[in-house]
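The first chain written gets the first letter, and so on, giving A, B and C; residue counts start at 1 in each chain.
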Amino acid sequence: MIASNFAKGELEVSIDVTLLVETLIQLFTVLLLSPLFIGISNRLKAIVESRRGPSIFQPYYDLMKLFRKQSLVSKSAGSVFVYAPYVAFAIYCLISLVIPVVLPQPVYFTATVDFFGGALLFGLAGFIKMLAAMDSGSNFTALGTARVASFSIFAEGTLILVFFAVALITTTINPYVTNAFLVANPSAYLTLAHISAAAAFLMLFIFESGRLPVESTGLMELGMVDDALSYEYSGKLLAINKWGSYIKQYLLGAVLLNVFLIPWGLQTGVLGALIDIPIMFVKWLALIVALVIIETSFAKMRLFKIQDYLSIAFALSLLFLILSLVAT
Amino acid sequence: MIDANVLVYLLIVLPLIAEVAYLFKSLPKITILSASLVVALAIYLHTELPIAGTFYLTSITWVFVLMVSSVYLLSSIYSYSYFNHRLSNKALNNYYALVNLFVASMLFGLVINNYGLMWVGIEATTITSALLIMTDKTPVSLEVTWRYIIIVSVGLVFAFISIILIYYHFNTLTVSQILSTGNRNSELVLVAVAIALVGIGTKIGIFPMHTWLPDAHSEAPAPVSALFSGVLLPTALYVLYMIYQIDPPTTLFIIFAIATIVFASIFLSYQKNYKRMFAYSSMENMGMALLGVAIGGYGLIGAIIVLFAHSFGKAGAFYSSGNILHTFETKEMSSINGLFNNMKTTSSALLLSSFAVTGVPPFGVFVGEFLIFAQLFAMHLYVELGIVLFFVMLAFISINYNVSKIVFGEGNESIHEKEGMLKIIPLSAAIISLLIGVVLILVMA
Amino acid sequence: MTFIAEIVYMLSAFTLLSAFFILLQPFIRSMIRGIVVQSVLIGLISFIMAYYLSSIDFVLLGILVIVLRGFLVSYLLERQLKKHSSLFRESTYGIPSTILMAIVVAIVGSFIVYFYVFYNLIVTVTIGTTSILLFAFMMMFLGIYIILSRKNTMTQIIGYVEEENSMVLMSIFLIPVPFIVEVTVFLDVITLVLIASVVAKEKLEHVELQELRG
């Protein structure tokens, strides 16, 4: 629409109000709800482990506290270190408009990239975070970067291949069409390729959200992976960084839910967008319960085994990329 | 008049009947007897050709059968003297039992009228011959046995795809039936033949799949090496030829054959171990035979003559190198010279058989190679002819140069000539190869 | 795609997964278990095909695979294992590099074979589409890769048995070869395993030898 207006030579850009509202709903749902799911997940896990655990709003408190604090930047750090959290945050915001994380229909910016592009944007954000960590000039972050880089070889490959597999099942790389296709064709949902792609993506999600058996969160030197990247950050920058990771987890989880596990139930329209929020909430609760069960029933893997774990996910995704070719 | 099929049965079963003597610990002598019977039977079978029923024998098959049975006879006589006092009676009996099984499986693979069972026969030769290589049980021979088993069987499993494809296309595996089908041209069959080239080519020692061949030939005991090089490789080549006949992808075969000749000649030019050198020479001769099979016409006749003459020549070469190994207890060529001064028969056998396998004029291999070259010339394949001629020349020079260094020069006084069969068999094998050439030249003239 | 075809595809996918399982195992006993599972799966596929095409050949083939390949071969290997405690575990190169190399060798190899060779041929398979042959090809290349990458005698025998299994799978999908041929092939493989375990008794690891260069 915008493009056609430009073509006619009209400089005035018409704005579709409904679409704008839907876009804003989608964006703000992601921004505001993502810490809540982390909080719920932590609380539930604590309950299962028979602790009282923090409040489910603890991530919000953390963010608020950090926003009030001052950021310290070490002398050896460069400018990339300072600006990278904002860039990564912006990329995650863009991704939240690209894939069907709340609303199962396109909004503004959806046309920027397709599914595959979404995967590449995840990679870009990860790369920028690594770059920033290297720029801080600290030994600890360098160690974390090395770990993240060696794991990302398989993790990002898996992400891209899984999206390929989905694209081959549904013959499109538009995530919204994929979602609609799966809703309309339950048989596609049950194909071998889809099931196995879902398994690979679940494995990836467990890694990316830093849960057991591949726990990568926390500041324990021996096992830290993700948190090593933000080791040198403080104050506002740390808050932005943390918020970015919350959004990333939400996005991956939403893709897992809406494309792989439970594609049904999403409503369209402005009103639908508002109804989608509780629907997503319910889906997330189901996912969190499942994850807590997984998390409490496995022991933690050694750091060096994480690569084994990810390579198996990679092999699964590649295998099922082939299966989707074979079985059609 | 006995039914021809029964005779062929007998051919395969005779070595197996001889196994009964294993119980009485007198297998060596019985084996020699059964081998002589098999040779006589093989010669007699010529009057019954062609046979097509359970078995499929043409005059080409007959040449291969004769080849297998004669080398079987030579090897079983030579082994008796070769292993005498080196192996215990029990080990010798085991050895002969395996030789009989090995020969029976080769004969089975040659005469059976079914591609699937031919494959089984070739696979069975791997099983029966594997333990023959490790007769000495040195660590190197164990490693070699293992390589032989695993490389060859992996290749043969690959070849099984081609059997499946042939069955898929023709709905039968009977050789005579498929070869008499009118229109056999199909891409599927072409793929099947190409897969067979890679798969069975592993067993023949075609270039990229040859790696087991020099190891196995150099580490196996001399009579076993003679069986391997003289008849096992031709048997596999025969099976490949049978598959090739269905729908020939000539160019592909020519490429692989020439690659085999080229690389075998290059490899053998820098060998330090005489058995390894002869192994690469076998590979070169197999390449030559494959080339002849691929181009057909005179080339096919040439290929069969090469194989026939080569089997005796190479048997002679390995028997005499067995004698040398006995005497010097080294496989290094540099530490042996002046053989002619004290071991006149063995060294002349070695010289004659190296002439035989490199194709010196009156020998049989020369006649065969000449026919193959003539066919290449007639087909206007001048570049191929040039390459092959150059590398055959290279092989000729390097083998004969090395052998003459062994044979001539200052002698070592402490060595003695072998007695009895150990010196007769190598010489007679070489002379048979010479006679084949002379007879062929006389016939053609 | 029919329901039966779906099931056959699923079982073939599990066969392939068992091939990956075998590839990644450092423990030889688990590898042997993997072979048993694989053979039983192939037997099941054969039984389903027997029902689908109402052909007795497939029933016999299935029984042969399960009894001879699945249990007899693994029994022979297990028996060998009992004598050598050193055979329990083999050091591997680690899962990530094994998977990467296996993907390069097996998957790329089978795709080249399939798309360059079989794609142009008009081949009708017994069930599903021609692409079902890819399962057999991938299993074959994985078997070859096991032989290439491991140095242990037992592991290499297992790789060989897996390669043979892939041939059975291929003949199920293309055309079951005559029964007499099939039986002799099975017997051949068993004797080969026997002979190979004789060698395994003498020599467990395989390394480069100076005498065998060039």
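Throughout what follows, a contact is a pair of C-beta atoms (placed from the backbone, for glycine too) under 8 Å apart; a residue touches a chain by one contact, two chains touch by 3 or more.
Model, not experiment: these values are computed from the prediction.
S.K.: Which chain has its C-alpha centre closest to the mean of all protein C-alpha atoms shown?
M.R.: Closest chain centre to the overall C-alpha centroid: C.
S.K.: Pick out whichever of the two, B-C or A-C, is joined by more C-beta pairs in contact.
M.R.: B-C
S.K.: If you take the mean of the Cα atoms for each chain, which one ends up farthest from subunit A?
M.R.: B
S.K.: Between subunit A and subunit B, what distance separates the C-alpha centroids? Give it in angstrom.
M.R.: Averaging C-alpha atoms per chain gives centres 66 Å apart.
S.K.: How many Å are there between the centre of subunit A and the centre of subunit C, using C-alpha atoms for each centre?
M.R.: Subunit A and subunit C have C-alpha centres separated by 39 Å.
S.K.: With centres defined as the mean C-alpha position, give me the subunit B-subunit C separation in Å.
M.R.: That gives a centre separation of 31 Å.
S.K.: Could you check subunit A for residues that touch two or more other chains and list them?
M.R.: none
S.K.: Would you mind listing the residues of subunit C that make contact with two or more other chains?
M.R.: Nothing qualifies.
S.K.: Residues touching two or more other chains, restricted to subunit B: which are they?
M.R.: In subunit B, nothing touches at least two other chains.
S.K.: Could you list, by residue number, the parts of subunit A that touch subunit C in their complex?
M.R.: 154, 192, 196, 307-308, 310-312, 314-315, 318-319, 322-323, 325-328
S.K.: Provide the residue numbers of subunit B that touch subunit C in the complex, in ascending order.
M.R.: Residues 114, 116-117, 119-120, 123-124, 126-127, 130-131, 134, 137, 139-140, 142-147, 149-150, 153-154, 157-158, 160-161, 163-165, 167-168, 171, 173, 187-188, 191, 214-215, 267, 270-271, 273, 276.
S.K.: With touch defined as at the start, can you tell me which subunit C residues reach subunit A in the complex?
M.R.: These residues of subunit C touch subunit A: 1, 9-10, 13, 16-17, 20, 24, 94-96, 99-100, 102-103, 107, 111, 128-129, 131-132, 134-135, 138.
S.K.: What part of subunit C is in contact with subunit B in the complex they form?
M.R.: 117-118, 120-123, 140, 144, 147, 153, 156, 160, 163-164, 167, 170-171, 174-175, 177-178, 180-181, 184-185, 188, 191-192, 195-196, 198-199, 202-203, 206-207, 209, 211-212, 214
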